[in-house]
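Some structures to go through are shown next.
Okay, so chain A shows up in both of these, paired with chain B first and chain C after.
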Partner chain A sequence: MNASRPIQISYDGLARVDGSARFSFGDTVALASVSGPIEVRLAAELPSQATFDVSVRPLNNVPSTESKSQAATIRSAIAPSLILNKNPRTLIQLVIQTLSPTSTPRWTDGLLAAMINSSTLALLNAGSVPMRGVVCAIAIGKTRDGELLVDPEEARVAELIQGGCFAFMVADGAGLESNSTTVWTNWRALERTFDEMGLMSAREAAKDAIKGVYASMKSSIMPERIGHGDDDKMEI
Partner chain B sequence: MRPPSPSIPEKEFLNSALKQNLRIDGRIPLDMRTPVFIFGPELGWVDCSLGKTRVVAYVDAKMVKPTPERPFEGMITIHSELSPYGVQRINSPRPSEEEVTITRMLDKIIKRSDALDKESLCILAGQRVWHIRLSLHFLADAGNMVDCACLAGIVALRHFRRPEVEVIGDDEVIVHSPLERAPMPLAIHHSPFCFTFAFFADPETPPILDPTQLEQRLSAGLMSIALNAQKEICVLQKLGGVPQDTEEILRLVKVAVAQAKELSNTVDAKLTADWATRKVEVR
Partner chain C sequence: MSTTAVAEAATPGGSKEEQEALQASIFQRLHPRAYLERFLAEGFRPDGRALDAWREVSVNTGSISTADGSALVRLGNTTVVCGVKAEIAEPELDAGARGFLVPNLDLPAMCSPRFKPGPPSEDAQVLSDRLTEALTSSGVLPLESLCIHPGKAVWVLYVDATCINYDGNAFDATLLAMVAALKNTRLPVATYDETTRRTTCSRKEPRRPLELGRIPVSASFGIFDSNQVLADPTAFEEPLLDTTISVLLNEGSGELISVSQFGLGSASCDALGVCIAQARAQGKRARI
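Up next, the complex of A and B:
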């Protein structure tokens, strides 16, 4: 199984938002910013929990139907990890901006994974929303020859017959093996028919690959151990 | 929850500091923040920041059929929508006043001033022209988004390279990929830059250049001048606010002229430096 494209994480420190983070798989970059808990409009107010609002802005254009669909997707992937009933009648606003152009409209799962990861990091950077765990995502593809590709590059997208993005919620504690649960996936067949065994094997591959993503995220937030040279590096 | 800004102590502090020609971030009144440019891996992607104000500009091009009224000209569209980065404006259909001002300024500066030559975008008269799309994304608002957006837009247009096309005969067009033939820059006549001055109600307070968020909120009027390094004014916009006499306006125009020259040199240097890092082999 191959490794994902090189992961780069940076915390931009955008002005006037509570937290912001940039995540990239190779050249696919997404920037997320989180504000919350902040004031909410009366119409969107919920009496016993915070309103979680997600919006996605693509690079090329003004937001379209696809952005709304991606926003709903990301919301359902991230929502299980947030404890929203600690801040009722407030708003948690997450805005995700894609910073790389989508050259292959058929395959946007790499970008989707980057967007989910950057959202999680922005929420961690803000530190103002209680969370149950960390949601990490990765894209998996299966070629005609049955090879499973982790985070396929754009050059190899044409070979894929099945593919999708998997999001896992990881909570440290007893160890990664038992503490990551799948929270969301959009595995589908791009050609021919859907095959359940393919989904199972892809999920196992994704669970394995997510360890790398989680390790990158963790080391970007926590400084190096004392005595091991320069710490406070926020970038991988 | 964040209380509404600006508060009374902030207001009083800013006003009394400005009376003494002191700005909160340490600049002198007619000093502009140094722009920082980050160029992306793609040509036409630039992240421009003035202090903490950040705008990302992205240019892409596609071939379309021209409008019947103008069969020899290409098309330029500018997308600039303010996103709710910390601004409470979700799902509201009406754009805010600031967004309207920014859109109009960008339209006047980049499109109406003919900064980009539209006739050079024609491939096959009446059938195929280039449609250049400039998208601006406002990542952070720390004051003076208009200037930052215009700067990002112009630099992105100068940074962008469109694919080379070859026209054979009367109706055959071959688009060469960037790997076969080096892409061509856009024909830019001149590079206009925008400078915004903020005025305050108190007559003893001098006008300031490139206001920050707080200064912009507390100002009593704004004036934007867009001009290029050749001292040609494209737009001079003053939407209401505190009245100023002509000598003052002319003085500020002179200041803007000096700034434009300096900014033009900076932009040229940065673009050349970035182009040197890209591998363009010519065989």
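Up next, the complex of A and C:
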């Protein structure tokens, strides 16, 4: 199995929001910002939990129905990891800006994975929303010859006959094996059809590749603490 | 739902059945989740269906004479009307031999009290995008078949669906309506004249049907309580579900085209496997 394209993470420190992060797979880049818990407008207020609102801004043009659909997708992938009932009657606003163009309109899963990963990092960077896990996502493609590609690059997208994005929630405690659960997927056959064995093997490949994504995320937050085992004390 | 029951029970000495029906409908309104849980514990749903049972489907095509193709689909109480209108346009510069397919779903205020009048709600926009994704990824209409003259004239098909009555599972009903409307579409024979640079449609020659590819059929399931799989959810069940899984199958062969998940909960891998198996079984039943 190949490795994903090089992952780059940076915390831009956008001045007017609570948390922000930029995540990239090679040259597919997404920037996310989180503000919350902040004041919510009366129509959107929920009595027993925070309102979680996601908007996606594309690289060019005004947001279209595709952006609305991507926002709904990202919301459905991230929401299971948030503990929203700790801050009722407030708003948690997540805004994602894509920073790279999609050259092939039929393959947007690499960008979707980058958007989900940047959203998780922005939420961690803000630190103000209680979370029960970290959502990591990766795109998987299958070529005509049956080869599974992790995070296929633009040049190889034309060879793919099946593909999709998988998102997993990782709760580090008992270890990655038992704690990563599939939170979201959109597997489809770009040509012809697929069978369940194909879907399961792609999911297994994604689960394996997520370890790399999670390790990058963890090392970006606590660079000195990798390999320190159960030394969890924060030195202030 | 229960206005007649209230009027009758207000008169003293209302019958025992009416009193019980009133209490049951009050319980449904005040505690919908507990109401659904009680039914599921017995292995049934509030409308009497088993957990994996589907509602009756009826399809009526060709009822709109002003449209080039039309269909009316009833999935239980969910009713969707779809019309196809064809126009002629210039193709894009880098895709000179490809036509355009523009699907859209409208959820107006008349179909359900949860939709307010005004611009399209988020639900309508997300569903429209999912339908576009489903029709393109299944390859139901190869866009090269809509070419009249490469680089000069192509057909644009506007596939507009409107929900008249919303009782859950609008995605399946609308996809069925759109595919039926496309099967019903008849286009006139068009010729492009190089000298006058105009396209003319023949009135004498009979209209031709579209050259369709794979026909997609969708099966949607709701996951309740992370492990109960409910096929074809109704409007009452939808807000109580953790997440929804849609499985797209090829109508002819029953093979899988795509699997996608929507909603805020997570689905275990067993739930995904159960959904795929039930979708296959339903596909087989529908073909007989």
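Methods note: the second predicted complex is superposed on the first by the 224 of 236 C-alpha atoms of A that agree within 3 Å, B and C clash if a C-alpha of one lies under 4 Å from a C-alpha of the other, contacts with A are read in each partner's own complex, and residues count from 1 in each chain.
The working rule: a residue touches a chain if its C-beta (ideal position, glycine included) is under 8 Å from a C-beta of that chain, and two chains touch if they have at least 3 such contacts.
From a predicted model like this one, the values you see are computed outputs, not experimental measurements.
Chemist: With both structures lined up on chain A, is it a clash or a fit for chain B and chain C?
Modeler: fit
Chemist: Let me test your reading of the model: by the given contact rule, A:Asn117 touches which partner, first (chain B), second (chain C), both or neither?
Modeler: Neither chain B nor chain C is touched by A:Asn117.
Chemist: Touch test for A:Thr90: chain B only (first), chain C only (second), both, or neither?
Modeler: First partner only.
Chemist: When the shared chain A is used to line up the two structures, what angle, as a multiple of 10 degrees, is there at the CA centre of chain A toward chain B and chain C?
Modeler: Angle at the centre of chain A: 100 degrees.
Chemist: Can A:Ser69 be said to touch chain B (first), chain C (second), both, or neither?
Modeler: second
Chemist: Looking at A:Glu39, would you say it contacts chain B, chain C, both, or neither? Reply first, second, both or neither.
Modeler: first
Chemist: Just chain B (first), just chain C (second), both, or neither: which does A:Asn125 touch?
Modeler: Touch partners of A:Asn125: none, neither chain B nor chain C.
Chemist: Is A:Thr28 in contact with chain B, with chain C, with both, or with neither (first, second, both, neither)?
Modeler: neither
Chemist: Pick out the closest CA atoms of chain B and chain C after fitting on chain A and give their distance in Å.
Modeler: When the complexes share the chain A frame, the smallest chain B-chain C C-alpha distance is 7 Å.
Chemist: Taking the complex as given, what residues does chain A use to touch chain B?
Modeler: Those residues of chain A that touch chain B are 12, 14-17, 27, 31, 33, 35, 37-39, 41, 44, 53, 55, 57, 59-63, 90, 93, 95, 97, 99-101.
Chemist: In their complex, what parts of chain A are in touch with chain C?
Modeler: Touching chain C: residues 65-66, 68-69, 72-73, 75-76, 79-80, 106, 169, 181-196, 199-200, 203 of chain A.
Chemist: Would you pull the chain B residues touching chain A in the complex into a rising list?
Modeler: Checking each residue of chain B against chain A gives 1-2, 40-42, 45, 52-54, 56, 58, 60, 79, 81, 83-86, 88, 90, 133, 135, 137, 139-142, 213.
Chemist: Once bound in the complex, which stretches of chain C touch chain A?
Modeler: That would be residues 122, 125-126, 128-130, 133, 136-137, 139, 243, 248, 250, 253, 255-269, 272-273, 276 of chain C.
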